[in-house]
Every structure is written in structure tokens, then in C-alpha cells.
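The structures considered in this document are given below.
Okay, so chain A shows up in both of these, paired with chain B first and chain C after.
And then the complex of A and B:
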């Protein structure tokens, strides 16, 4: 060993007089501006979809209830709780977050001797970094999924404005698979769907190209997929987690895609209904609309002998006699109906209960009765002139057109109403005007301003494309008649439709007037029911039939459903038809 | 950069070229030409800095892609050399003789992807995964979640809820 080796260590002593390089207070050291530190979660923005939990490769996230966060449509009420013993700070949860509520602060220092505190719910358990401006946010440059929906092909306005050919062409396989790939399978939509359909499961089936599985999922909760796949009000899409960064999924068109792929002769095999065992009990159903068909389907699966009495000549109810063919072709209704018929459900058409057969007779001949006769009576504005013979009810005209009766179409028409029925009759009459006169002169006027018109947005857009004039925000005053001929509709400005408590209570400004020239007026302001035939059942304060959760009325043998209880819309009717079937089964097995 | 690529094409079999950004270009060459090309770029074209060496797992095609990212300080531009190699017999000629630092990248690739670089210093020693007993974790067939669940014990008292089931319980329990 040389002398140098002995002395060298002592040169380190010189460091004693130098400024130390270590930091005195390490806790004051800041993370970089985009450092991935402890999570922040905006509880108001978060919808509890659980996609963060799903993507976490370390299983560090649990979805837990949080005080003060309510479970409601579109929000599970759950929020992510993170176990920092497992978190590797990769930030995949932040990148995948459907609402951008989950972010990371740049704070990473926190010392505690209790390991349990390192599992907490960001945003709900207060932390010092909750309001940190710095930290990791998902960069704008990329998304881990497509935020835009795959467009469905449609006929152009000039291809469709004089024909009743179906307007929406539906998805191709490639389009459907691409669209289904956007679903994060959170399932928030299931609670909002009135029939609680297994939406993520059937979308997954599309993604896996397993159409048979998709059809089975559809029929678990909805026996009218061709109908619903076209005209469902798709409330599910209003709560889809995908809407926060882009478009919600095209759930309705994916449902239609599944049903469209399967040939009706394969239904029984796929759905396992080839050998249904029948019992001796009989159920009568009044009305072959969505509610009646749904109840009939599920009752026949349970073995009941079902007979449907229908006042009109074919099944489908409002979906056939209300909805125009360009939205829902009749052969698609037939496909759904024929499968239900193939299970042994009997139909008796052109038979009105109450006039042709008294309800009492059904009570005697059957073990239970389900009444779902819908809303087929048009409501009138009752303004002066509305009793003129050229002033019609939308539901009457739509039914007459479907029945093949001639509509006395006039050159100038005004439709009163802002809902889908107004659009349906407006667009039907516009087509007929085009066929007869080669041009459209039709106004749809509603009380509601455009932003609160109850019709689907696309109906309004498509009506305009078909050259219909939309005049929102007017209240009908009277129909001007001269020499017994309609001249047009006088209207006054409608300032608001609902009062502060959300009740229908329109306020008008009588000084702001307008006049819409017309020689034909159609009212589409709502429908009423005819329940004379079930006189004696207990009604609610709002003059609806009083039913329990199984849709059983005050008469134990009589169940009531469809639009006369809920809705009006097909999917609610299908949902409550299913529930009534379970209720009838319970009642008959007591 | 296009001139350079045209020049290179006379000597090397360049099968693909991508002009990603003004200062970032990628070219693809066959495996047997890759080291010769990288050497040429270093010695004759001024790409004397190895920015990084990394890989991508193209599991569906049964290939690994190696990317040698080189920088030319005079041009202020990067050139990435891409090479596709067989995924089952993942072996590549080492370039540690060109850049010392390459040995570290190669050791990392051996550990994370299982790509071997025979002759590269310490290539078989663990890099960051001491005592690793599974397939290389950057391979796409490595199931991170499964590994995590099997390896790390769950904290007692953890419970989670499925959003759809929870909403059913809360919003429409009677069905």
C-alpha cells in the first residue's frame, strides 16, 4: 500500500467546508408540472362508469358508494377508490376516463405510518392536492377510442321525399363492428332503458361477430327487436358514457343490425323455443301493440295459452298504424309478430272488446286478462274552427293511410304539434303533397320553442330536408274560415310553455300575431285513451287506471299496461308488458 | 433528407420510408442489412449519436420491430432505422461496438422483450427485474393484470361494485 492510498481518504475532509448539495427540506421539492402524482377526481363530472377500474392493470381501483353522490339515470353513484399499494402511476385510468373527471396532481409526497390511509377515494376524501392546478391531464392529442359514431347510411332527401321506402339503410357488418368497438361496457344505459335491456352484452356480441348470442340477449328483455331497432326512443343513448367526449353509441342501429342479420326461420332454433311445454291456463290480451305482444311472448315462454284480441286488421298497434313506413316498414313488424305467432299465440283481428265482445266474457273464458289498448284518440285544441271537416286528427290520418284509405291531401297544410307524431303526419302528408302536386307546402307549428320541442332532433332536421317549414313558439288561436273553406291558422306568440314547477301552463303574448295560410289543418297535440270497456276499475287522480308494480288493476284478474299506463312509447310498453307477464304468472300460481 | 434516402437506396434495400416530421424520418431495411446501414450512417453520413434503441411487439404478425433512432447534429434531424425480426427466434446482431451505450439498450431489450444480442456485454444479467420468473413483460402476450393479481396480495377489506348491478339494486330493485 502506497502512502498516497493512505492519505487520499483524508482529502474528503475538504467537503466539510463546502455548501451541502442535499436539500434541507425534501418535502418542499416540487414535482414537474405534468408529474403523475396522487389522483384528483371531479365528483360532479364523474359518472361512476368504472372504466378506470376496468383498465387498471394492477387492480388498484374499486368502485364504491360515496356520501352525497346519488345513484340516478346516467350516474351509478359510485366513485373510484384507489389502493396506492398497487397503483403504478401509469395514468391509463386518466387517459381512458370517459368524462375527463379523473386527473393526477403533481403531488407525490405524503408520509404516514398507517398503510390504510393510502387507500382513499379522490375527490371524496379531502387531500391537500385536491385543488392542485398542476399535474397530469390527458393530452388532447389522442383518444383511446373513437369519439365519433359511425354514420349510418340514409336515403338523400331527394331520394325519399315522395316515397315511403325505408329511409335508414342500417349498418353493414364492418360499420356495426366498428361502432360496437366504441362501447366501454359500463352498463349505465341499462337502468335508463325502460325494458332494462342487456345493452352492453348485445353490443359485445356484435363486436365478437356472434349474432346468435346477440339475438338471445335481445329476446331476454325485448321480443320486438326489428321494431325497436328502428323506432325506439333510445333513451339509453342519452346516458351513454361516450357522449362526454363525442357522440353516444348508436345503440338503436346496433340492435337493428343484430335482428336484421337473422333469418326468421332460424329464430326458434337460436332462441331454444322449438319445444315449448304448454300448461292448461289461458290468458287473453286486448290489443296487439308492443305491450300486448311483449306480454304474449313472455307468457307463452312460461307455457300459457295466449289469445290476442285486436280491433284493427293487423298486429303492431301504434307501431303499424301510427309510425309511417319510411321509418318502420310493415314487413319488419310482420317478422317480429310472426315469430311470436309461431310460439302458438292466437290472434283474433277486427274484434273490439266492449263492442264486439264484452270484457266480462273474457273474464269467464280466460284465467287472466291483460289490457293494453293504447292511445288512439286524438286530442283537439278545441279552438274556433277545429270542428271543420278539413281539420283532422294526426292519429286518425296515420291510421287511415296505413289502412289504405285515401287521404284528401290539400295544397297547403298546417300541422299543430311539436312531437314525433306531428313530424310523422307532417312528413307523411309532405310525401303525399309531393306525389299529388309535385311540391311541399306544409308548416309544422308548435307551442314549444325549437330547443324544447319534444320531437327527436333528427326528425326536425329531416323534416326540414324534406322542405317542411317548422314554426316553433306559436300558440294556435283560431282557424280562419271563409265561405265554409279553411283559409289558415291564426297564431299568437307563445312565451313559455311550462311554469316554474314544470307544469303545463303556457303564457302568450297576444300582441305578437302570425297567420299561416292553409286549406287543411291537422292537430297532433297528444292522444287520449278509450277505456270505456273496463268501466268499474279504480282510476288514479289523473284518470289513469290504477295498477301495482306488476300492472295488476283493482280487479285481480285484470292487468293493464302499455301506453295507457306509461309512455307513450314502444319500449316502455314492451318493458311493462314483460313485467305484467311476470305478474300474471305470479297471480295464476298463487 | 430525401436526397440522403435516395443515396442510401443505391447501397441498401430500403423497403419503406416514412417522412414523419421535417426532422424525423423512418426507413425499413431487411435484418441482414441493418447493422451495415447503421454503421454506414454513423461513419459516412454524420449520424454519430444513438438516441435510442427500442422494440415493438407485432404479435399478430409474429414479428418484433427494432428501431435504431440516430441523430445527425449538423442536420438537426433524426433518422430511425426499422428492422423486422422473427418473434420466435428473436436474435439480432449487437451494435455495442458502434456505441458503448447500445449494450445497455440491448440488455434492457433482452429482459423486457426477450430479444437476444449475442456478444453484447452483460446482456444476460438482470436489468431491473431481479428474480423475474415469467415471460418478458413487454411482450404483448404477458397478462399484466393476471400477473398483478397473482403476485400481489389484495389489501384486506377491499370491495367493489359493478355499476350496472349497483344501479339495478338502487333504481329498480323489484324487477
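And then the complex of A and C:
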């Protein structure tokens, strides 16, 4: 220690002549561009999936209804309310947000004497920072889950273009577990699924490798998992929260994965249906399609004696006679049907109600009747030439092919229609063309432009892979016939299909013409129903059978469901079959 | 020897183990409580002191005023939900918690984080060291009555916090290192702003050097205070600057190198005299070492690239059964997380090993004895302890 040590500290006096470093107006200080300040939420973008509520480790977030936000498919109608008494500004809610709607502003000053105001709903309660452009956003390369879908393996186009072997191979265990891991369990899919399947629960079962639990969850709402696991229209995937950052979950393939893992021998044991108690009441079901099978399953669980009358020779309905084998192999339908049969459900095939047995007889012999006869009649375009013998209905051809009848396939074919049925018949005929002629010359033409074609995207892609030409946006004008043989299809440009109110009202430009060469034309523009046998029941204005929420018709003993009431698709039919079973149970226990 | 010292030698008598014999009834002793809210305690803990005259005869430490049960809370949280909690275990330097927690999870889950994330973590840890020492130096000076140093050093610290805010979006709780990587790289122009700040901090440090370390008052009060014998280092588990000031070159960054420290050029700084002054001076040199390391990191770290490894969906992330211990060198010594997982979606046990426990409890009780009551605050700060870290 020296005198220097005593004097040196006085050098601090130099600060007297320096500028002060403190901020003069601290209230005007802005947070950094990434500052984790007060929350903002874009109510339009937000779907109310609730992952923010789920991840919040302080339980500061509650999902609450908000004025002006409606519950609709893909939107729970709820929005996050944040309690700033609990929030720790960790921003996990922003990171996990599936739509990136939740963000943080760079504002951090909010003074109020009322503590209640600090619990607020960002976006709904106006705040000065609502339009702040700076603040924490989820970093681009930072994800707390995998946004990319695990690709399901398929047969290569060259392997499948002449074969009816199932083209989708399904998930391996490792793939299924990886895919199931992506689910955020928001449950938006449950509300959208026509059968309200417990989707997050069975996906969780896959994740936990608990297949038996998965199967139990499936059968709670859907007794045809093998069928649905392959051909469901998967409306659930269209609302999946994961689609906003990447791909929606492969919900359908996960369902198939569960059903594929279990041997049908073990079904009764797993599902606890080994000793079902039967009561004395009998229910007749007309049509062994998805709706009929679904109703039969749930009715037999409730103890009813169920008998199904089917006009064709096997069960499955449209899923067997309308969907080609490369999408849904027959043995998989048999697996689902066999289990339902094992519960004591009786089948009478090749029996058409109305012709072979009158409906009245069923009324006498059974306590209730459920009719689900589907849409097996093709609809014609009724253009000139559509009555030619080489102009076919898609549903007829598909049925004939399944029944093993020979199809007189031609070298050049045009299919009219843009839905999945058009794709099914197109791809079936393309395979037959390949087998017969070694090449494909098939055009699928639809009124709709490609972006609004009702067929599944993957169907369109796969059709192209199989060398089918797709010509969207053309309206059929007439079939050109020369010397009694079809030459091709004249078409005109279709400008729009629906009017402003969303009704079917196509507008054509007759100046834009085209001609598709063909020796054979197939119409796949929709199907109709045959409900002659139900004479007397009250119909709606749109000529459908009028039913209540339990699918009970104007005749109390007659319940009606399946495609003739809703859909058309398998999962709606399964859902309303289940509901009808509950309705029948209610009716018989009144 | 003066008469006074002879008089003092009579009271108290020594026990065979060297501790003082204290009889509170005889009127020679006073028991006083320092804390739990004394600024010199640097947090909420308490020293129960028995003094005779102005000398401390006995010191008992009391903790428990700040217990929030973080370790237990984390057992009820998903893995991803732990990182907003763990930062509160050592408030002035949350980053070591973030790093250790994330690293244990990554190790147990078999995740390797990208190169850029490793560099970013190294940068954040060094910045944390720098700002924590800057705050500490103010505390050390303040506890010896030099309030102005704290004002300078906290301004310097705020400059570092500005840079933290820029990278992480937070000033105190950065929450930037999440299991799997980091939440982002440095924004455009960060290096330039950081360099400007470092230059300014070096200027401030120069002033602090003259006014604090070359100050007769500080020297008089700190030289010889709180001597830690090198032989105690292993007995007490002393780590960090407290051990290095005793001449023991212990530094986790060198001994068990982690992140990118192997690619950085730095020496383990040691001292000789092992008293409060040596420790303070050592930490001052550490500040300069940190500044140098930050410059090296900024020069070497990638400016772009992946910064987050692929993690499973964090909402149902399960980590296989296992246990691990990950350590890092924080400003106070070895800071580590011992984590046990049982294959479920939640950690089975997380135990935080903070250096404050050994330094502020066992060591303080020993060092305070025979120390002047006016120096206990300075002594406590010279050990650089954070009570929140003692009570996890």
C-alpha cells in the first residue's frame, strides 16, 4: 500500500465532466426486435387447437370462447386467454403454435390499477401492441415437432400398372410410431370425422405401441377399420392442425396400421365380445354395406338378434363392388365382415328386398328394420350418344368386374367425371387395357378444373403415374358415333361449375371445343338410389328419405341410413349406422 | 502484542476441536442475525452470528427463505417445460442452468446438437460469465462501502444484457438453450455491436481497476480477509475462482471441456494469496479473459446453418431410462445437473449441484469466525454465492 493507492481513486472525479449514461426517457425505450413481450394472436389464423394451453408450464393459458369466432370444422371456436399473473414469457406457446398465429410483440409496459385486466385474450381484447411488427416470432429452423409426414410405401407405377395387388404397402412399426408422434392431440379431427372416432386416442395407442388399446378405441366408433383404414375419405386429415406448418398426419394409414397388426382370431378376446348376451328382439338390416354392417355390429353388442339381407353375393356394399381391389383388397373386407359375423349376425345374400321379399314381411317378422341400400344406380349425362351400347356406367362396370364378369375393354377410352369413382374406373380400365393391349390410352375428363376436382389429390397424381391423361375443365357435348361405333367425345370448355351461391350451375364457352378420341365412353358423374321398395315413406324436398337425428323415418319401425341419407362415403355411413343402432335401441326400449 | 489482544485471548476459550467455547449467558457475547435481507448476503439467506466486541466468534448459516422447490416442480413437467423453470435457480446467470439441463436431456435422449448451436451456447455462456462478474464486482465494492463501482459495473452489465436481449428476446431469463439446440442465431450486425460494448466495458474496467483495486481502502479491508487454505479445496469441495485464488488450477472448461472450449485459446487463471483481494483480482482477470473468449467465439462461430436438432414431438417426448451428470464452469465454480430419467415423459429426478452450497454454507461458517463484523458482508461476497442456487 502506498500514497498512490490513496490518491488513485480520485481519478473517478473525471466522471463529473462526462455525459451521463442513463436513459433519459426509460418509458420510451423499445424492446429488441426479438423481445419476448406481450402476446398477440391473429384470430383469423388461429384454429383454437389448444396446444399453447397444453404446453404452458404455468397453466397461464385457458382456451375460451370469443365473440365473433364460430365453431366450425377445423376450428374449435376457442381462443387462448392468458393470465399475466402466471405467464413467465418463455414463449413456448409461440413455438408450439400450429398455425403461427400466436406471437409476441416487443412491448413490455402496461400499467393498470385493476389486476383483473391482466387476464386477457390476445387479439380479442384490443391492446396498443396488437399491430406491433416487432417481437418474438417462432424462429424459422426451430421446430418442436416433426412437420413432415412419414411417407407410406407404395408399389412403383411400373409394378402396379397392370396389377390389382394392393398398391399401398402400409406403415412399418417404426414408421407408424414416428408418424403418430407428430399428433398434438388437439382433437379437431374428432369433431370433423362423421363417425367422431377417437383419433388422438388411437394415435396415442400407436405411439405407446399398445395395439390392443388402439383396436378397442377403433371399435368404439368404427367396426370396419380395415376398410376405413384404406379407403376412408379422411376428412379428419383436412382439418389436422399439423397441416399449417407442414403435412397433416396420415390418420388413415395409422388406423390401417392398427387393424393390420391384429389377427382376426384375437378380435373377440381383445374387444371383450366373447360372451355377448342376446335378447329376444330382432332387427332386420337391408344392405350389407358399411352402414348396415356398422348398425349390425352395434346392435349385436346391445344384444339384438340381427339379420342382414343383401342383394349381391357378398357383404361390403360399395366398398366391395365400387372400389377396386388395388385400393381395398377383398380379404380385408372379409376380415372386418367375418368378425361382425362372429358376433352372431346372420347374413342372407342374393336377396333383394322389394323383389325377393317385400318390405312388409320384414316389418312383420322383425321388431325394427334398418335400410341402407346405397347408391348403386349410375347417373347419365344424357348427352347425344350416351345410350350407345359402348357407353357404360362406372358403377355397373366396377360391380361387374368384382363379380368376375368379363369387361369388353377397348383400346381408347374416355371417362367422364372428376370424382373418386371416375378415378377408380379409369385406373381399373387402364390396368385392363395394359393387360390386353400392353398400353394405356385413357382420358379422364371432368367439368371441374383441376384445383376443384372432387377426387383425392393422390388419386389424380397416381392416375397420371399410371399414364392416364387427365383433362379437367371440359363439359361433355355429345358422343360422336359413326357407323354404329363410337368415335370419341366432343367437349366444350367449362368456365365455372358452381354459381355464386355454391349451387351446381356450370357455365360453358361453346367456342372452345375439343375432341377426345375413343371407342368406349364411361360415365362417372354421380350415383342414384333405388328406394322403390320403401314406397310410402316421406321424402324430403330433394327426394331423399326424411329421417330424424336417429335416422328414424316417417314409419317408426323403419330406420334409414347409409349413402341414401348422407355422404356418399364409407365413414359417414359407418357413423350413421352407429347412430341408427342407438336410435333403434331407444325405439325398442320405449 | 497489544493488551487488547491478550484480553481477547481469554474469551472465548477454545474447544479441543478449535471452535470457540461460547456461553451466551455470561454477557460477553451478543448474538445477531445478519439477513435474511441483507444486501451483503446477495440473496435471501441469513447468518446467525455470535460476536464478541466487533469480532465474529461463531457463524451459523440459515437458508430456506427462498425455497421454491424447482427440482421437484420439474419432476411434474414435460422435458421441454423444464427450461423456463430452471433459469430461476441462479437468477444472475440462468444460462448455465439452461445449458446443463438441456445437455443432460440431450445426452440421455441421444441427441447431438448442431455445430452452430454449440457455438451459440458457448457464446451465451461466456456472455453470462461476463455480465455476472460485472454485477458481482459492484457487489464486492459496495460491501466495502464503494457504491459508485456498482453503478459503473451495472451499466457495463446492462450493455451485455442489451446484447442478450437482441439474441434471446430476454434480458435476465434468456431461455434460449432448449433441449435440442438454441432458439436462433445472432441477428445481423450483432458482432459489431458486441465489439463496441466490449471496448466500452474494457474502458470501464480500467476505471474500476484504478478506483477499486488500487484503492487503499479496498486493499486495507480485503487483503488477508477470508483466507482459504489450499488444503481445504478438496476437503470442502471448493471450486471456481475460490479454488483458483488458492493456487489450485481447477476449471471445468479445461478439466472436462464441453461445447467449443477445446477450440478456444485461454489459460486457467490462478492466484496465490487466497484472500478476498486475490479472489477479487482473479475475477477481474476472468472478466478480461471472458471478453477475449467472446471475441474468439464471434470470430469462429458460424453465422448461419442449422441450430436445432430434430427432436420428437415435445408434447409427448419420452426419454429412455438413464442417469447422467453434466457440469460446466459457471462464475462461481462447478455447476452441474444430475438427471435421472425412467422412460416416461417426465424427468424422474433432477438434482442441481451449485457451488454456492459449499461456499456459502460450510466454507462461510468456517471463514467468518474471528472476522470483523464489518467485513462479513465483504467476505460473503468475496465467496460469490447465490442463495437461490442453494435452495432449488
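What we mean here is this: the second predicted complex is superposed on the first by the 565 of 590 C-alpha atoms of A that agree within 3 Å, B and C clash if a C-alpha of one lies under 4 Å from a C-alpha of the other, contacts with A are read in each partner's own complex, and residues count from 1 in each chain.
Please note the rule applied: a residue touches a chain if its C-beta (ideal position, glycine included) is under 8 Å from a C-beta of that chain, and two chains touch if they have at least 3 such contacts.
Not measured: the values here are computed from a predicted model.
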Chain C versus chain B, contacts on chain A by residue: C
Partner chain(s) touched by A:12 [first = chain B, second = chain C, both, neither]: second
Contacts of A:57 with chain B and chain C, given as first, second, both or neither: both
Which superposed partner A:85 touches (first chain B, second chain C, both, neither): first
Touched partner set for A:49, first chain B, second chain C, both or neither: first
Which superposed partner A:145 touches (first chain B, second chain C, both, neither): second
Touched partner set for A:31, first chain B, second chain C, both or neither: second
Partner chain in contact with A:186 - chain B first, chain C second, else both or neither: first
Which of chain B and chain C A:136 touches, first, second, both or neither: second
Common interface positions of chain A, toward chain B and toward chain C: 57-58
Chain C - residues contacting chain A, complex: 77-78, 80-85, 148, 155, 162, 165-170, 173, 175, 181, 183-184, 187, 207, 210-212, 214-217, 219-220, 306-308, 310-316
Touching residues (chain side chain B, partner chain A) in the complex: 144-145, 148-149, 152, 154-155, 158-164, 166-168, 170-172, 174-175
Touching residues on chain A, where the partner in the complex is chain B: 48-50, 53, 56-59, 61-65, 71-73, 76-78, 83, 85-86, 119, 186-188, 190-191, 196, 200, 549, 579
Residues of chain A that touch chain C when the two form their complex: 1, 4-6, 8-9, 11-12, 21-22, 31-36, 51, 54-55, 57-58, 88-92, 95-96, 104, 136, 139, 141-146, 181-185, 204, 207
